[in-house]
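Shared between the two complexes below is subunit A, which has subunit B as its partner in the first and subunit C in the second.
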Partner chain A sequence: MSEFNIKKPVVPLPDMDPEPQIPEDELFFTEEELEQIERYKEKYPTNRSAVMPALWMAQQKFGFLPPEVMQLVADALDLPYAHVFGAATFYTQYYKEKKGTYVLDVCCSFSCQACGSYDVLDYLEEKLGIHAGETTEDGRFTIQEVECLGSCGTAPMLQVTNGPYVHNLTEEKLDQLIEDLRNDKMPPFTSVTLPQDEDEMEGNRRSDVEHTDTYQTPPETKRWI
Partner chain B sequence: MEATNGQSKAGDWQNFERVLLPPIRDLHRLDVYEKEYDGYQAIQKVLREWEPGEVIDEVKQANIRGRGGAAFNAGLKWSFMPPKDDRPRYLACNADESEPGTYKDRQIMEYNPHLMFEGILIANYAMQLDACYVYVRGEYVDWIDHMQRELDKIYEKGYVGENIFGSDFSTEIILHKGAGAYICGEETSLMDSLEGKRGYPRIKPPFPAQKGLWGNPTTINNVETLSHVTLVMRHGADWFSDIGAPTHPGSTIYGISGHVNRPGCYEYPTGMLISDLIEKVCGGMRDGKKLKAVIPGGSSVPPLRADMIDGVTMDADSLREAGSMLGTAGMLVLNEDTDMVTWLRRVNHFYQHESCGQCTPCREGTGWLEAIVTRIDEGEGNLRDLDLLIDLCDQMEGRTICAFADAAAWPVRYTIERFREDFEAKCKPAVFDTGGVAMTA
Partner chain C sequence: MPTITIDGQTIEVSGDKPLLQECLNQGVELPHFCYHPAMSAPANCRQCMVEVGTPLRDRETGEIKTDANGDPEIQWLPKLQTSCTVQVSDGMVVKTHRTSEKAKRGQRDTMEFLLINHPLDCPICDQAGKCPLQIQSYKYGSEGSRFEFRKVHKPKRVKLGPRVMLDAERCINCTRCTRFTDEVSGSCQLTINQRGVKNYPITGPGETFDDAYSMNTIDICPVGALTSTESRFKARAWEMSRTPSITTINAKGSNCYYMVRDNLIMEVVPRQNIEVNEYWLPDEERVGWAYERFNDERPEHGPEIRVDDELTPVSWDRATDAASNALSSVSSDAVFFLGSAHATVEDNYLLSRIAEHVGAEAPKYIPHVEPGHGDDWLRTDDRTPNAQGCERLGIHPVDAEVLRSRVRSGEIKVLYVLEDDPVASGLFTAEELEDVVVVMHYYNTTNKTLAATDVALPAAMVVETIGTYVNEEGRAQRVRPAKVIKEVNRTLMMATGKSRTDMHGTPFDRWHNESHQVDCLPGWEILPKVAAHLGLEFEFSGPKAIMLEVTEQNPAFHGATYEAMGLQGHRLEDVGETV
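Up next is the complex of A and B:
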């Protein structure tokens, strides 16, 4: 009997009928959230445009976007599931699987690479005992290697769970960050002072921020990739 | 490839007074912007005294060359908008800066957001637009909140919305948060993303001015470009075109990163010498090491060898002559310790990751570029792989819907051309194993 030597697809097909990951009694939007979605819709001529803000809101609430949450968003916007699935799977910041409570996105694009981002990644991997892309067993931390975060002058840097940036990373700074996050203390928003402001205005120009940083000479790079 | 210019076009740049980010404390606050920086005066003057068409002519004459990478005259782009009919018309402000090496727009969004908002209002009036969508990359969440606070203030004061400043012109500004896709910085892909779709670039024509957002006339401008519009309408086109390089006037924000002593964002006139930027502005190379390469405008532009930057200035024409491009003026400086093969491998990884997957040459090509450069980097490559890479670049450039494939291929092509010795050092010495027997006739 010949099997015609048919090869299986290289990329595994997604499970078409996965087990729901969010309990059914938690899977709903509150009245306020539905009102917020209505406000999103008003900003655009079509409902479909509200997909991105609605997905952001859903991710904020549920932590990630399994298929049942995408279906919930589709129902709220009166859209086909495929439209929501298509958008959610295109953008990297929408988490399609469960991540740790704190996701450490280490920027490794070329400016950061040249300024030691892989050393930062090594240090974090060793400290937390996981590889980039993995989550610690207690579900607290995920490390990810990500593309340019737009803070090339303060390289190496990272972002915590699609939120605050942490600039000019050193081993001491990383130790402090991990300790703070273990105590559920998120790093604060930090304004980076322009070099010309440092010279002409003696520091950061904003009086409404508590935490400031400056651009610094980047460290030596040990590992390049 | 020697640049013929050779001299700085930035004039007396040491004493240049910054205009995009002037040294005023708390300029990001509406009250400070209005009181100490004549904020929202330009838009009021425009609404009172200028016809929409005259504003377009003035901006065209100022020759603000788009700061997003293409360096196209912004006023000329505006003039492509069709005459007003019953369709709605839109502006999309491109704040999705995700080109590696670029972080200049964020400085405007943080330190002078009202300059951008005022520029948007002027643009909306000039082209008679109904709304502007500001597409900010999703990672900039803190800055989006910051801008939303300031935007709410000007909505409250009636500077935007119905009948702005008591005139009969109404327009809206809406902030939209992206979610981490480099390709959404491409103008047509940005529009698809705003429509709630996957960010796939569209075939042009039809151009956005004919069929853009939701099928209606649309113009797309960069944050810095729109900020310059405010300055042009405040001080006049002649004032603007007297600053910096004559063919690429104005000031610009140079975002410098890499192996220099003092990286950061610096505002200076266009046409600065690259050597001045490294030596005088950024305090020279770290540890006094030698310069190896400069990437003048983000990852997509061809890298320049250290011996190619003599007399090259930071404006579109000088850099084109030198064999590169201005791009976003986000400059990466690399020292002599850099292995350009490993560097290129990481650049290729970026493009492989960010290709939207719509066109085959790009989706497959970026993967192959990364695979082959990785092979060379791991010491498993042959010299003929270099020809294979160039051949791949030939198959990618100009064969896709958007310029992403070109942007992915150029660094490969020019890094091999200009840093060939780095590649040869990592390739296996010979193609054939002759078993020690010399292959001579």
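Up next is the complex of A and C:
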């Protein structure tokens, strides 16, 4: 969470006596949403499995998942509240507190770390004037340090608000990204293939995406490490 | 029954349990943290790893292939297996860390990871001395750590609920506690928060861990992460002696250990008895008041008799003399004996014998039933440990209305109470008993009937005596002395020596402590003294002999000798309507 960093590794206790953050008259699921939850339930052998899509739906609706929303999901799925809380805290993609408009999830797992993700993180922190886990004052950006996003081939990388990935990060790319986001321009979905694969397949053959890219090994001087 | 070979030794196993349990049952120790026989096996501590192989079979004939020596060829699984999730099959060959360098290495390396963020604060940790992590890291871990960075700091002193305290740094995330609430108690109040190095068990925000069985998580926690809010930092594991006995808050007779230091009960922990309480104890049996009542000091309250309306300390001889005088001073139908569902079978039996000798009607007991308190598991509506034992002795619940009117009319002149509190239980008010001579065996100074008592005889409590209790289901179980009383009693001393071999010692031992000894006597010591003055000579050498006579004379107790009851109790036959 917010204060956790490698130099001062402290895991804080969640607020164990939280104030409700969603007004009581807004804290409900509509008929359609409840029907959707019913469909999720039918999809899985146990309700416990349906907790992921249900939480996701709740996050889309309320923007984030304060304890009262987790309780709401638990009630809708007839699950213990603690189970829902456990699942929600496991995934960084579920926002437990109010985040900025754009959440920059910088992957800091092994591959990215080896390719310099902490430098990416430091650069972003300095540029935006906040620490990982915090939100800028204007409520526009949040930086998060997250675990593996499954794109080790394009390390270092980040994800914008549970949406598109930005690959092969460099300082210029980050500057451009922040500039674009300030103008509310989301980065496009980009399909990246490895050069050796392209040799076999004659280039990136994805036709359903706007942007395709080929992985470029950064030149020695441009490397983050 | 499948036959498996462990480290070259061929053994027969039951086949319906995981390999780890089969090994433990055969006395082959394997290190483990997350596995618990009563719960599912998530295999997340990765400590119980062994090499597993099965005999190679010919694909066409299905015959087991053999090598040049005629031994079956073994196909080894390529990686180490967690034995808690391996199902045993016939002919399976297992190499533990005793014979396999690979398994030994695997265990050692996993242990190093487990200890990376563990604070190693054993010198101040309550679990030290009985900690599986500590023991197993001595036995199977590497000598030092290669981790030279800052350890992750997690919340400490988190009060999960009224009775359980969490130290998240010590947690190794075995998930035993969360599985306990999910699978055993069913309250589902605990979960694992976050992931990776940041995770630890906790309740959902705003939720309290107030499960009626919450303290069991303290026992199954393999490290010192969960401790009791009441007994933490009170006594180290090696300072306490432990006595196998049973709890007496309800009629379930859950098996427990009484942990004693300096003659004070410090803690009550569950003792395994699959027939009664499995591995668990309800919180009500082990919260502070449930054992602190044993520690009430009553040094100035030895035997007392009422002189000039004032309870005056006297010797045991004078007190028992006064008790028997009271009994013989009136006609037999003016005497009423109250047995007790708190007292042992032996004491109740002796009381019935005295009642019979005096010619009074058979004793009755005061029922302490609280409807709605039970939960069909380890809590019962009945708040006494021995109602079933009384019934089997022919001692039945007292009819409060009838007894009250008989006392009011002056018909009853002497009331002999065994180990109960008639005033506190609402049978009488102290004023109503003013004209009655009350002889009472009582447990401690908080007894409300003392104000109306004429002969007060302090009785040894369940932790100080030897005896038998019969639980709700008709299981006769023994209690053993955990504390020492002030009086020198050879039977008790011998029994204490046996039940507290670890710590008790003799008066000449350096650690021997004479403090907190109470001037009381067990019922089977007081009652024969009273009986002797009445001309009834009991010739029992001790409670064991009393119980032997009970089993011989009363078919409802058939077979319940001390030897048969042992540590796990003896199931008595149902006796139908009378019970």
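Just so it is clear, the second predicted complex is superposed on the first by the 191 of 225 C-alpha atoms of A that agree within 3 Å, B and C clash if a C-alpha of one lies under 4 Å from a C-alpha of the other, contacts with A are read in each partner's own complex, and residues count from 1 in each chain.
Here, contacts are C-beta pairs under 8 Å (C-beta built on N, C-alpha and C of every residue); 3 or more make two chains touch, one makes a residue touch a chain.
If you're wondering where the values come from, they're calculated on a predicted model, not measured in any experiment.
Judged by the touch definition given at the top, the superposed model places A:A58 against neither subunit B nor subunit C.
By the touch criterion defined above, A:I37 lies against neither subunit B nor subunit C after alignment on the C-alpha atoms of chain A.
In the superposition on chain A, A:L128 contacts neither subunit B nor subunit C. Contacts of A:L149 after superposition on the shared chain: subunit B is touched, whereas subunit C is not. By the touch criterion defined above, A:A76 reaches neither subunit B nor subunit C. After overlaying the two complexes on the shared chain, residue contacts for A:L181 are found with neither subunit B nor subunit C. With both structures placed on the common chain, the touch criterion links A:F90 to subunit B and to subunit C. Using the contact criterion defined above for the overlaid structures, shared-chain residue A:A114 touches subunit B, although it does not reach subunit C.
After superposition on the shared chain, subunit A has more residues touched by B, the comparison being subunit B against subunit C. Once the two complexes are overlaid on chain A, the subunit A residues touched by subunit B in the first and by subunit C in the second are 83, 86, 90, 147.
Considering their complex, residues 150-155, 158, 168, 178, 181-182, 188-198, 200, 202-207 of subunit C touch subunit A. Of all residues in subunit A, only 1, 4, 7-18, 67, 70-71, 80-86, 89-90, 147 touch subunit C in the complex they form.
The part of subunit A that touches subunit B in the complex is made up of residues 43-53, 55-56, 83, 86-87, 90-94, 108-111, 113-115, 147-155, 159, 162-165, 189, 191, 194-197, 200-201, 205-208, 215-218, 221, 224-225.
Across the complex, subunit B meets subunit A through its residues 18, 21, 23-29, 88, 97-103, 106-107, 110-111, 137-142, 174, 176-182, 193-199, 214, 255-267, 286, 295, 299, 330, 332, 334, 337-339, 342-343, 345-347, 350, 353-354, 356, 377.
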